[in-house]
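Notes follow once the structure below has been shown.
Note that the chains are named A, B, C, D and E in the order they appear, and that numbering of residues resets to 1 at the start of each chain.
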Amino acid sequence: MPALAGKELRIVGFLCNWCSYGGADTAGVGRFSQPTDLRIIRVPCSGRINPLFVAKTLLSGADGVLVSGCHPRDCHYAEGNFYARRRLEVFKRFLPTMGIDPDRFEYTWVSASEGQRWQKVVTTFTEQIHKLGPAPRFGFAHEQNPATAAAC
Amino acid sequence: MSTYAYYPGCSGLGTSQEYESSTRAVCRALGVKLVDIPDWSCCGSTPAHTVDHLLSSALAARNLALAEDLDAAAVITPCPSCLTNLKVAVHRMSDREFRMQVNKLLDKPVDRSTPVKSVLQVLAEDVGPETVAEMLPHKPLAGLKVAPYYGCIMNRPPEVMQFDDHENPMAMDNLMAALGAEVLPFPLKVECCGASYGVARKDIVAKLSGKLLQAAEDLGAHAVVTACPLCQMNLDLRQGQASSAAGHKFQLPVFYYTQLIGLALGVPQSELGLSKLCVNPRLALDAMHAVQAEKREQEAKKEAAKQIHKAKAA
Amino acid sequence: MKIGVFVCHCGSNIGGTVDAARVAEASREFPDVVFTSDTMYACSEPGQDGIIQAIKDNQLDGVVVSSCTPRMHEPTFRRTVERAGLNRFMFEMANIREHVSWIGKDKEANTNKAIELTGIAVEKLRRDQPLFAKQFDINKRVLVIGGGVAGIQAALDCADGDREVVLVERESTIGGKMAKLDKTFPTVDCSSCILGPKMVDVAQHPKIQLYAMAEVEEIGGYVGNYEVKIRRKAPYVNWDLCTGCGLCMEKCPSKKSTDRFNEQVGSTTAINIPFPQAIPKKAVIDPKFCIKLTKGKCGICAKICPTKAIVFDQREEIISESVGAIVAATGYDLFDISKYGEYGGGRLPDVITGLQYERLLSASGPTGGHVKRPSDGKEPKTIVFVQCVGSRDKSVDRPYCSGFCCMYTAKQAILTKDHIPDSSSYVFYMDIRSPGKMYDEFTRRAMEEYGTQYVRGRVSMIYPQGDKLMVRGADTLMGTQVEVEADLVVLAAGAEAAVGAPQLAEKLRISYDKYGFFMESHPKLRPVETNTAGVYLAGSCQGPKDIPASVAQGSAAAAKVLALFAKDKLENDPMISLVDMKRCVGCGKCVRVCPFGAIKEIDVRGEPKAEVIETVCQGCGLCTATCPQGAIQLSHFTDNQILAEVNALCQL
Amino acid sequence: MAEAKYISNDKLTAWLDELAGKMRVIAPTRQGDAVVFAPYASGQSVELAQEATAPPKSVVFPASEDLLRYDYRKNPENLGQVDVELLPTISPEPTLVFGSRPCGVRGFLIFDRVYDGATYKDPYYLARREATLFATIACGQAENACFCHSVGSAPGDATGSDLLLTPIADGFVVEAVSDKGAQCLESSLLEAAGGKADEAKAFREKALQEMGEPQDFGPAQQKLLELFDDMGFWEDVSAKCISCGACTYLCPTCYCFNITDENAGLTGRRVRSWDNCMSFQFTLEASGHNPRPTKAHRLKNRVGHKFSYYPNLHDGIIACCGCGRCIKSCPVSVDIREIVTKAMAHQPPAVEEAAK
Amino acid sequence: MTILTQLKEQITAQLPKLDMVIGWEQGYDALHATPLFMRAAEDVERLQIGPLSVHNTATYLTGLRNKKVGLVVKGCDSRAVVQLQQEGLIDRENVVVFGFPCDGVADLTKVRRLIGDVGRVEEVETTPTELRLRVDGREEQVAMSDVMADKCRRCQYPNALVHDHFAGKPREPHATSDDYTDVQEFESQSLETRFEHWKSEMSRCIRCYACRNACPMCVCRDHCIAQSRDPHWVTQDDMVREKWMFQVIHAMHLAGRCVECGECQRACPVDIPILALKRKMNKEIKEVFNYDAGVDPQAIPPLLSFQVEEENINERGW
């Protein structure tokens, strides 16, 4: 499914169930309007988010990835976001060497009550991605098919 | 014992020559090897550090950079003011950004972070009062009642100085005790002496120093011991001013702790510079000798009594 | 697999900005989807009936509902599909209301987004497995750690609820800090008079097994089934024989022992019963001071003991207990006042802590209730109280308020006047914190009726002058420096976490803050629960607390335990991690990071492997993100499920 | 067969450009520090002086290929009824592999017996094989890892090639080996070789001679079977192996593959990709059981297959072309010659005992 | 006594107590060393150390967990031992480490760059400063400084960090600090150039996983997610995206664990410069956590732990 041509870019969000997913709900309940690009994948805890999901998403053609969890100290599972913070920070710092703009990936903390903050996060991040434009691609799978073009 | 890069500081060449010479003499006697930092310059003291952190740190850092070539265990200085500037510079330079700015100003950038210590810290920690006490089994300063006075910056701010208890330092107390002196629990160890107000507001110095002298006198001290050129000057040189402000004549000699250690170790008088003190040190030393004489007399009496007892028994 | 997709209009809530019918239509093109419909209110009774009917008519294996947030109606629809005979985990929800219709007005973009969110829900559902909760037995005994007032309350309430209680106390008597107090605020009633009966109840309760002089050594297991090892130290006295007569204390020649109960105000005998109301009232020998134990001779106590209870070669022992729940009530310890060099605590004998002062005030204390200062035994006439010593001070890493010092200082000022009518008291304070029933009135009485001089400001130093103590401080209301010539200075030492609290927390697998206080599950709504199921908190181990709050928490923790024990079987949430034994290489990374200790290393044919303790796992998935080879997978949120969601969204 | 031709080095690029106009040309190219076969673009420099890091295997047998693509078609009347529509994938282009060594081409002879056998013909392989020509360069000097003459080939072996190029001073003698190859010689850039053809022949003979006596690996066929259960031997020789796939993926004769399906929504692909018998997954069964659980088992299979099981099935032909890539590119320098030699010389401990 | 003789004596003395000792010997030609598994005293004679002893002997450790293994180690190899010990992946008491001062090893790719094809090396003589080779009958001399592996130029631990036996005297480190100029240089190029760089480099990857299997810290090996279907992180397609994804997986799995022995890059048969990815990772780990892997057996890898207040991670406010 491609993003809505011309209007949207492909932005994927990984949100923890307890805080940020609830924060996004709170933003909805408050009718805090947001850009429509973001697609949210719900996970139990930011600690569940292997940075490799972000890598996979970016290499699969996403233009931006947003991760959000409970604020440090507020993790529903006590420690998940502490680990997530270290892993995601390291991964974000790794991106430049891959030739991927680190601004295409952000991680942040939004609590279930912070509807307005969520609105701001989504709006700012979406603007940031639109400023960067579409991410560089590998081209379609069949173009790379070694049957037609290969280094062997 | 390791080698130390020695930073004398400007006071040592001026108002506190006796501190400087006694420090060198004591270090030599205790096997602390000092190598002067070649071409050392201002530590970045008072004028600079109040107006420009970068400049004052660069001044201090210049000396640290020069010291690096000496491959010393630490950079050490007798003067607490120099110590503060050198240590604050090191502390600030732990910030990479700041360090880069400082290094930009220097011909020779600071590479490593050599620890900075006071001479007092080296004597108290690296040499240790136990070693001193072992060298002086006969306790040469027995009977001398001293009030150790550290001044305000030898241990503070604690996160920078990292030495001793900043409210109740004991380094000098322990060293003095090792010499055999009777160390009084001087409560105003880290109180202000008035510092450089001696120039602008003599009345303040007279009042604050007077309070220190009063407390020492009340405890029955024969002398005050200091580790700071400025404190020593306020307490010693300005003792007359303090006396007139208090309406009470103080007569308390004010020693550098190195002078007393030197005295105990038998360092030649010429290097101790006792003659440079304003309040006659004899006052204290005579009192000490009197106590020692009294004690000897008592012991002699005891001995005699024993002999008599023995004789009688015989 | 046969999947049904139900798109909800939610009246106009979704329908207003999302073309629900088009979402349902587009969903027909998703793999495995065999039925779609759009419905006005999916959560309404007809809506749910429609889902059930469709499941039956089309033999659906799973259901996607595209409607509101799963945080709202996921449980509702889980029950719905369960009623239709499906496993309740064969269900996914796409949030097209909070995350779509309510936050954007562009109907085309919204509809497209709703279709995609439905798409990823379908992809996730295609990889869902039916999950089943595990039931397990529960051991209805409770361990209470700490015999202070909070622990006593928790133990008594549980025991009164007819549950067996194991109470472990580190000291030789229960009672904790409260037993050391003379009087309590704001009623000024005698502390031991109100605590004593409770202590006796503990001793006499048939359901309570008390281990004094004991500490928890090791905790294994999980909620409902904890295995606890308790290390019982040697008192060198056979407590079964000791009658607490106290004859040994009278004759013991070693009289310079540390008097822990009296906060080292004075000293005591090497064989000792801490105080007359001690529970258990049994003698204990301090091996550091006992002449027999240190030098090999003496043994007077053994000779004099009427029941021959003295056992010099007694050894400590390890006791195992099985319990189903644990209440931690380990209390607090006092801040070390010598950390303030300028106050001279520990150096100047007449600078003492508030708790030491309690012992001086207490009729059962070392001075028999006559206030005498430690240095020379003189009755002090001017007493200075300094508050916030080790509280609200970042420079000593104690930025928090200890909460009860304002009140006990006021109480001590009042008691001082009662004991020494011609005395005058000064209190240096930062703020008066007295929010509690009758609390502020009480501090007012200290000031107004008892003439205590309250000085708002910090003390900068205390130094001796002659036989007096000069207390120098600031009066910030007057804007001046003040110096008070005092005979005795009482420092209101703050509370800090009990010695060994972090180590105990690690045994309990609960978290603790940087000061060592145990972390509750939620600061407001779950104040006595922890993130480890079956472990509860009571009293000051969770943060400084006064007596009423500690007792309330003790009862609250007991209520939680009794509620847990009301069930005959416990059931776990089946969304837990599972290990693929074939792929696990036994590197132990998951064991290391699991916040709940829910993964253990086991031996499978000589190879180390990880195994999830299903009843302990909370389903956070940290292990899954940690395992490099993906051998441990969180059910319902597996790597492949999340990857399928990513793939559904991002196809180059 | 057409007469031998000669092309001077300075005209080589022009000839390649000419050929590239007619068909796809794959030639050895320097990429980073490696030399790999890649599509030739006009004017590009080709690396003919040294043996390429990887052989031209993937031209005919790609590292991965879609065996088929499929779409699921749902019946709008009955969503539960799904039809699968298969989409064709094979469309091989005429291709010339230029600059391979004889060993690189010999690999396909080993392939042919499997994919073009009596009972099974692999259409994907065959279509590409048909469409591919080989212009091979004869080797002048063997490398330390080379042993083609011990496995039935030679540095100037033209078998399997369509053209054979032999380097002589300032150019190549070009000889057609097949009719298809002969068509490539119809270029004005080539001149008649004349006496240079003999020079070329002498070059090839010298190269073979300099390789010394070939080693006889024939006895290995039986010996390896005897060693099948001697795991001690295999553990010993595989101790340093790190179980990677460099040897098999770079081997011109390794033809094993794996098949996986990749689905996305209602479309999917069936992918055939190279497999590697040194990998744990190669024989991993769905139950979790693995008949070749250790690297010793797997190395035994690799060596056994090449020097015993394959020859057993295929007239004694050793499934190895002696190119030495498995030796040179092995991260830990495992030497297959050494293993086979050791195996042939190996006396089972029991026998040794008995001999004493 | 030379270091090698001393080492041999030490190994011979310990060998009876061990199942094997792993070192190096000459491989199929003079330029290529190969790991040597010494089981009998006569095997010890074949031991060689020096600039050609490139392999990390610690790579074999996790596969020999129940054996008593002796290991001859360079400084970098020893870091892998430390790291494995730290992670509880080996039992230290089952491993006997023989250390020696390492003067650095040669990077054969650099040798190839200098003298061309190295397929016909006949003889190699090593001196502390030079490699003297006879290739095709001609003599080639290359300075060690020109062909030394990059990891050795910046090596701060040339002597085994843990060892039970040490031959010779510890030598001075080759470098005192690592400023990661290589990483900075690479990152001074535009993002697009970097992206294209990897696209092009990865295109020749043959997915042999030599990088992974040569890595002493890759302990999943047989169960690596690069080849599994559950979880299904990568497909088996010969596509840059999948190959690159694997390198990201490898780098991420090594974050805070990589000891920079460089085996991944050395093992790569098609010379893809993948160490750059791990270098970057180590640079960031150093900056954020001030942590070096494989130095302290008591430490905890930073990604397996946390601090409530992270000193060097700014909370990302919006």
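Some points to look at:
As a convention for this text, a residue touches a chain if its C-beta (ideal position, glycine included) is under 8 Å from a C-beta of that chain, and two chains touch if they have at least 3 such contacts.
It should be emphasised that the depicted structure is a prediction, and the values quoted were computed from it without experimental measurement.
Chains that count as touching both chain C and chain E, per the definition above, are A, D.
The chain pair with the larger count of C-beta pairs in contact, out of A-C and C-D, is A-C.
Chain B has its Cα centroid 61 Å from the Cα centroid of chain A. With centres defined as mean CA coordinates, chain D is found 44 Å away from chain A. With each centre defined as the average position of its C-alpha atoms, the distance from chain B to chain D rounds to 84 Å. Centre to centre, using the average C-alpha position, chain B and chain C are separated by 50 Å.
Residues of chain E in contact with two or more other chains: 203-204, 221, 223, 233, 237-239, 241, 308. Listed for chain A are residues 56, 60, 79, 83, 87, 138, 141, 146, 150-151, each touching two or more other chains. Shared contact sites, meaning residues of chain C that touch two or more other chains, fall at 119, 582, 593, 626, 639, 643, 647-648, 651-652.
The touching residues of chain C, when paired with chain B in their complex, are 340-342, 344, 347, 461, 463-466, 470.
On the side of chain D, the complex with chain E involves touching residues 31-34, 36, 49-51, 53-54, 58, 62-64, 141-146, 236, 239-240, 242-246, 248-250, 258, 260, 262, 271, 273-274, 276, 279-281, 327-329, 331-335, 337-338.
The touching residues of chain D, counted against chain C in their complex, run 72, 74, 76, 79-80, 263-266, 288. The touching residues of chain E, counted against chain D in their complex, run 20, 27-29, 32-37, 55, 59-60, 109, 112-113, 116-117, 119-121, 136, 200-201, 203-204, 206-210, 212-214, 221-223, 227, 229, 235-239, 263, 266-267, 269-273. Interface residues of chain C facing chain E in the complex, by the touch rule stated above, are 514, 580, 582-585, 587-589, 592-593, 606, 626, 628-631, 633, 638-640, 643, 652.
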